[in-house]
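Naming follows writing order (A, B, C, D, E, F and G), and every chain is counted from residue 1.
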């Protein structure tokens, strides 16, 4: 069972705080608030969104940083994922 | 008797919480708030909406996740349905 | 005496609650608030509205569901009608 | 002395409450608030307004219903008139 | 010394209340608030403003009515003038 | 050391109140609030800004009047300058 | 490990207050609030952003001044960086 995002939407899953720290990237104050580095689980098809052509540039497996508070949280097979618009993804962690 | 949605609107009906849990997908906090997995009952024709061409990509029978609070609730032959814009549908559950 | 709506406006008249119940469609909480199934009395010509081409798709006699709170109420020969934009009409009741 | 409206603006003058009642059209609650049936006194030239082509469809002498609270009130030779945009005119009373 | 307005801006100077009354045009409540009939002192060149072509249709010497509260007040050689966008000019007084 | 403004931005420096008074132009209430006549120190290249072509029409040395509260203040070699968008410049003082 | 900004985003790192003072540029009140001169660490590819073509004009190593409060702060290998849109960069310090 999986979620297939529509339009310019992307499904991401927060990377655990431990892992994030290991990778050396944590958000400011991450010890207190939840970190916002996430892994891309699924990518929408893009295309015309709100009358504008959107090309998807992130891909499944990318580690990304998203805008705080962006997106809708959904529980998938017991795991919490977030559905964001690609435009809410700020950067890819390499 | 049925509702025929206009433009980019889609009529959805929330899937019962029991069923959702069986399918393994529930929204965060769904035990407390109402789940937002819904089944598509009817799909508008799309076309020019607010001066922008909209192609409908969901179809009747799709299980979908919608933005929280999106849409207008209507009672249809005793059942409560919600009328949303396609743009408020975030993902299809497969 | 009648009202001729301009641009993308549509004049609707709420269908009485009794009638609505008979038809089997009432809005959630309709017993407490006023129902929003309405009959179309007049349809504007459409055309360029706010720089966008609008084609009118509802017609006189259609039973429709409108967005809550949309439109301006006017008393016409003692009857209360509402002037809405076509975009505030969500669905046609068939 | 008269006012020549610019762009998509229209000058209207509220029709007296007495007259309105005779005509059978009053706004809901009109006994308490001022009625909003008005007569068109002058019509702007239309043309490009905010980058959009506007064609004027109302004409001098039309009885119209405007959005509540729309426009700017001006006293002209002792009479109060209102300057509205054509888009704030909802319908023509025939 | 003078001000040369940019883009779609227009410099106007309120006509004295005495003069306004003589001309027979005063704004509602003008005895209490400042009148808003003004004379055009300078007109910007128009052209592309915010990506939209603006043609200037008012000219120096026009008596105009502006939106209330529109514009920025500036003192010029001891006289107070107001800089408005042409779009805030509602009508020309003839 | 200097600042090179980007896009449609312009760097201005408020002209001293004394000087402004000599020139005969002060903003209403300027004795109490800071005057808003400023000299242009640097002009951005213009070009596509927010998807719209912007042509720069002010030049270094122009005395200008800006919208109140517009812009960001920066200290440059001990002097306070303001970075505004060209669109916040209302008029040139000649 | 590094961050690769998407679309029109730029990663900047605030230049230390000491260094800023040496360079002679500090923001008004910088002694009390954090300075906003920053160095560009990475630049997104630009391209179509929100339906508008964006060309990136800043480059890695540029010292820039950004809008106050713009952007999202992220900790990268122990250093705090900020992800802003290019449009939030006001000027380049030369």
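The definition used in the following text is that contacts are C-beta pairs under 8 Å (C-beta built on N, C-alpha and C of every residue); 3 or more make two chains touch, one makes a residue touch a chain.
Nothing here was measured: the structure is a model prediction, and the numbers come from that model.
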Overlap of the subunit E and subunit G neighbour lists contains F
Taking each chain's mean CA coordinate, subunit C and subunit G are separated, in whole Å, by 51
Rounded to the nearest Å, the gap separating the Cα centres of subunit C and subunit E is 41
By the touch definition above, subunit G meets two or more other chains at residues 50-51
Following the ring of touching chains out of subunit A and into subunit B yields A, B, C, D, E, F, G
Subunit B residues touching subunit A in their complex are 23-28, 30, 36, 50-55, 57-58, 65, 67-68, 86-87, 89-94
Interface with subunit G, subunit F side, in the complex: residues 1-7, 9, 11, 42, 47-48, 50-51, 72-78, 80, 83
